[in-house]
Amino acid sequence: MKSIIVRNIDRADAESIRKLGEFGVATVHEAQVRTGLMLPYMRPIYTSARIAGTAVTVFCRPGDNMMIHAAIEVCKPGDVLVVAVQSESSDGMFGDLLATSCRAHGIAGLVIDAGVRDVADLTEMGFPVFSKAISAQGTVKETPGSVNIDVVCAGALVHPGDIIVADLDGVVVVPRTDAALVAQACEKRIANEATKRVLLCAGQLGLDMNGLREKLKALGVEYVDRA
Amino acid sequence: MKSIIVRNIDRADAESIRKLGEFGVATVHEAQVRTGLMLPYMRPIYTSARIAGTAVTVFCRPGDNMMIHAAIEVCKPGDVLVVAVQSESSDGMFGDLLATSCRAHGIAGLVIDAGVRDVADLTEMGFPVFSKAISAQGTVKETPGSVNIDVVCAGALVHPGDIIVADLDGVVVVPRTDAALVAQACEKRIANEATKRVLLCAGQLGLDMNGLREKLKALGVEYVDRA
Amino acid sequence: MKSIIVRNIDRADAESIRKLGEFGVATVHEAQVRTGLMLPYMRPIYTSARIAGTAVTVFCRPGDNMMIHAAIEVCKPGDVLVVAVQSESSDGMFGDLLATSCRAHGIAGLVIDAGVRDVADLTEMGFPVFSKAISAQGTVKETPGSVNIDVVCAGALVHPGDIIVADLDGVVVVPRTDAALVAQACEKRIANEATKRVLLCAGQLGLDMNGLREKLKALGVEYVDRA
Amino acid sequence: MKSIIVRNIDRADAESIRKLGEFGVATVHEAQVRTGLMLPYMRPIYTSARIAGTAVTVFCRPGDNMMIHAAIEVCKPGDVLVVAVQSESSDGMFGDLLATSCRAHGIAGLVIDAGVRDVADLTEMGFPVFSKAISAQGTVKETPGSVNIDVVCAGALVHPGDIIVADLDGVVVVPRTDAALVAQACEKRIANEATKRVLLCAGQLGLDMNGLREKLKALGVEYVDRA
Amino acid sequence: MKSIIVRNIDRADAESIRKLGEFGVATVHEAQVRTGLMLPYMRPIYTSARIAGTAVTVFCRPGDNMMIHAAIEVCKPGDVLVVAVQSESSDGMFGDLLATSCRAHGIAGLVIDAGVRDVADLTEMGFPVFSKAISAQGTVKETPGSVNIDVVCAGALVHPGDIIVADLDGVVVVPRTDAALVAQACEKRIANEATKRVLLCAGQLGLDMNGLREKLKALGVEYVDRA
Amino acid sequence: MKSIIVRNIDRADAESIRKLGEFGVATVHEAQVRTGLMLPYMRPIYTSARIAGTAVTVFCRPGDNMMIHAAIEVCKPGDVLVVAVQSESSDGMFGDLLATSCRAHGIAGLVIDAGVRDVADLTEMGFPVFSKAISAQGTVKETPGSVNIDVVCAGALVHPGDIIVADLDGVVVVPRTDAALVAQACEKRIANEATKRVLLCAGQLGLDMNGLREKLKALGVEYVDRA
């Protein structure tokens, strides 16, 4: 129950992380059997924002960003800050100065269950952020928290070292040790979808492709022609 | 109380539909005496999305998109899928594969009281979607529903065959048999607004243009000059 | 308790207002010790919208925009309409005709604790609006309200004549008589941040820059190395 | 598109209505294949409130209760006022005076997609109300609406003459002509549940009673014993 | 912009306050022309909670209740703590210890735009609280705020010394200097309503009592008899 | 990533669980340094509902309660069902039949991040439930899930075997192995609070008791007397 900062975490291999980022959130989420998705209120601050990297988790009190400062020091290039808050808050805990610092240390992006500000600057910098809110509301640096402990962020459990993939469809968490496995499952899914896409383009119906006609019948759904 | 798929519906004439689309949601909504508007949580997935077409209605259980597959088969070019859900849900019931299939069958767009995903792909395809949420959350194909029955979507009643107009201002439903009438009312309104716009541009006040000075007086509103 | 329209209000000097607009919401909010921020549900209708000007306040009943018409007459170039509503509403109380009239009278923008419509037109006109909702829902002109009285808009108190600054980070209210003082505090803050930005860019940590190491220690936060 | 007050509506037989009220919302909703339920934000103003009666529908503008006054005149004893509002509102459109009038005319209760007030008085009177909000916010009597047209109330379509059943579990709408049929389906369901209740009381599992063991197996769910 | 604690405030006469409390929120709100009502998310923690007293205002940071401790000292018997928070929060800033202290100093109740806890104890003590949330989430005592400054609480402006009336219908603020005037307006309203109640009880319609038949006609509302 | 049902879990000793239940949510939450609290939208279905027991976790798809049936079999007397849902849902997944079965197997209560129904029956039975919603919306039994895996429920991480304490203040999760430790911390806290309560009752101020006068001074908060 102490406040701690864990300096060293295990990370997945960079290649798996890169691949997961390319597959994107929807594919990764499906590939790991629809788990690990954050709540849909998490939105990118600009449309083209995308993130794939290793989670360095941060646990803060609402309205206090001191632990974000502490977390930057233990990050490695390619890491993603994942900020959870002790209770509901929309305060703007992160702005352009912190983003500048993140950039200097090679941090790949931010996922925060609270607010951010200086959004125009962050957009111009191309620093990707997924947040619950945009708010200019400033914060203090007075109360303790932790870095690299298990946190719940926007309804998803994140262990330090897990992989974060974020794009226009939301934010998904891949358990570190599943990275390669999930990447493989994604590849299969992508191949399968490519085939389907060609057929659907040619006018074939999902109804036939997925064998749903029999299912509809079995479920008692009836076709009707109005007079 | 059975689950049914109605194959054939009546449609309004294409010209009225086209016109209503050009007038846009705010004008159409006013022209039909401020009825038929969906709740304002329905938002386009990209800024330039616009839809005008005939509603093919779909009634699904939350987290199950089987009936969307069934609905595509009964659509004609220019139709719009209007998806209502049995209870509140933000799941991503529609993605790029379904959009590909819709495109192949000439479907003009989607209005859904739930979530969608693959939003970057849908945007690139230029497939217009108005939804309650964006979410990667995948769905199953296990439970029955209906196609082309009356549904309530985002607070608005939609009959199969009604006309859907959607743009940056929201989504409005025009009863099929009112199409021509509403289009005419829109034309009058547009003409009237054009005249007003010229006068307002020249500095005239809405206060005078709309005869509001007398009303304010009658209502007891007083003009005051601070010392 | 009467409904009144106050014709004349005091305004801050144009130069202070211009400066505050350049500093932006996050800086101004910090400079006045984190006060005056509207709730984060207030969002711009297009990304590049920015406002800085003098508040002409409008108090309306929900679903009635008559008093906005009355307010335009008492505005001077550079003023900003700040519309508060008697009870919660998302109706579209303002559209392109009102914006045309505002433009003709030099009004700088709109902040409204309700909805707006004709958003595509407003965007094309470059008329900046910050609102709680986008909704085509039309309104009536039947019930009295007031102009230039103290109002609560989106959780913030606004006196007529106060300065409104709005950008992608939200909307902040600066008391009229504090304008010059806040502008000075902003300048200091900006200078201070410029220095910090250079150091952070060079890799220095906020932890050191802000003397947080000692604080963490004093608060009992421990550094841990996992085996 | 005109504002109308329909004086006469068809009603279901009193006995069916009485029975549906006794079965309660959860049973009725299941018996009509899970349709017709209003959104769960509709709550009773006191715990023991229950309603069963015929819907007299009222369509109002937000913040205007004039049409409720008009509706009372066309009600018969046992009717239920179902108030829908043109756009989202939490205003207190109904209080103890209207309840007194309702009582005098034998009206059985109120279902309103907005707010009510004088809640302590209504509770003391034992006048059952299901509403979206409790709010003292008063309303005007200035703008037209309709009585006994089809309305969407809290996400459910209500035709005048439909049966409203409301209790602690929410509010459900039964189409008028289905009343007897749904009542029968409820009876079967109740009988079936009574049997199940006895078995469950005796310790039998739903898993066995509903044949779910095979389903779990077929779906690939595995039983695991931790070492 | 400094943090201050104002020790002395003006109060309205006890008799006016007592009367306003008896009239109740709905009547007071109407009597002062529908102003001063807090947002309807403010709810009593138990059904019979009622407050009438003088506002001692408290401005806190989210998650920090230090200033509530400071405020108690400057209260007089019959005062009501009105707690506003710098940004949105549901934290439980007040519990049974603070309530014990309030009771010891004769404080009449609490209105808080955040959360409270120990709700079972507060209920047993009969200490009336109106809050935005119930939450066990504890708070710190680390950051400065103010006592007896103007605050916005749940959408309503409160000056220190204003009168707070709260009951099952919500919370309303009466400007201190209007107390007697509003009390008089309430008396008139109550008398007027008593007359109306008798007539309504006897079956007279609001339609006739308020002269609405002519209005309906003038607005073009038509009576229709279905064949 | 498979669906599993874990039959056997470790449980904390009954005495610690009993004690934690007596201390109540606010005390337990404080004693474990303000962690483990579920979001404040989790509310009891009746005022006197209280739970203390061992978590048997259930992971369901929205609108599908099959896994609750599966979970009952692996419960022991005193266990608490903790139901998490794959995506946001307010459906009524639990009613009086399931409660009857729970009672027969000695299950102490239900915590569910979705809806429940038959609330009048559950209240009469005295079966305590904490839920996100009350809704009659029925569910299916078609899709797989898991029992006794780690879940996130209403923002809190719950491991199977953790202790759940729930009362009017909310729901808190105590890690199984911390049970005795937290119980001890609670005892200290209770003793400490008893002392404080006596002093506060006698009129002493929290300001003095907690040494806050110095803090206020250090933070620059000034006492002011209005002229």
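Order as written gives the chain letters A, B, C, D, E and F; numbering starts at 1 within each chain.
Here is the rule we go by: contacts are C-beta pairs under 8 Å (C-beta built on N, C-alpha and C of every residue); 3 or more make two chains touch, one makes a residue touch a chain.
Because the structure is predicted, anything quoted here is derived from the model rather than measured.
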{"item": "Pair from A-E, B-F or D-F with over half of its contact pairs in common with A-C", "value": "D-F"}
{"item": "When chain C is superposed on chain F by its C-alpha atoms, the rotation angle in degrees, nearest 5", "value": "180"}
{"item": "Residue-number overlap at the chain A/chain E interface, same or different (half cut)", "value": "same"}
{"item": "B-D against A-B, pair bridged by the larger set of C-beta contacts", "value": "A-B"}
{"item": "Between chain D and chain C, distance of the C-alpha-averaged centres to the nearest whole Å", "value": "42"}
{"item": "Chain E-chain F separation of Cα centroids, rounded to whole Å", "value": "31"}
{"item": "Chain C and chain E, separation of their C-alpha mean positions in angstrom", "value": "27"}
{"item": "For chain F, residues contacting two or more additional chains", "value": "34, 37, 40, 86-88, 90, 135, 137, 142-143"}
{"item": "Category of the chain touch graph - line, ring, star, complete, other", "value": "other"}
{"item": "Pairs of chains in contact (touch as defined earlier), listed by label", "value": "A-B, A-C, A-E, A-F, B-C, B-D, B-F, C-D, C-E, D-E, D-F, E-F"}
{"item": "Of chain A, residues touching chain B in the complex", "value": "24-26, 29-30, 34, 37, 40, 43, 167-170, 172, 193, 196-197, 200-203, 205-207, 210, 212, 215-216, 219-226"}
{"item": "Residue ranges of chain A in contact with chain C within the complex", "value": "2-9, 66, 69-70, 72-73, 90, 92, 95-98, 100-101, 103-105, 115, 117-120, 123, 133-138, 141-146"}
{"item": "Residue ranges of chain E touching chain A (in the complex, touch as defined)", "value": "61-63, 86-91, 135, 137, 140, 142-143"}
{"item": "Complex interface listing, chain B residues touching chain D", "value": "1, 32-35, 37, 39-40, 86-88, 150, 152, 155-157, 178"}
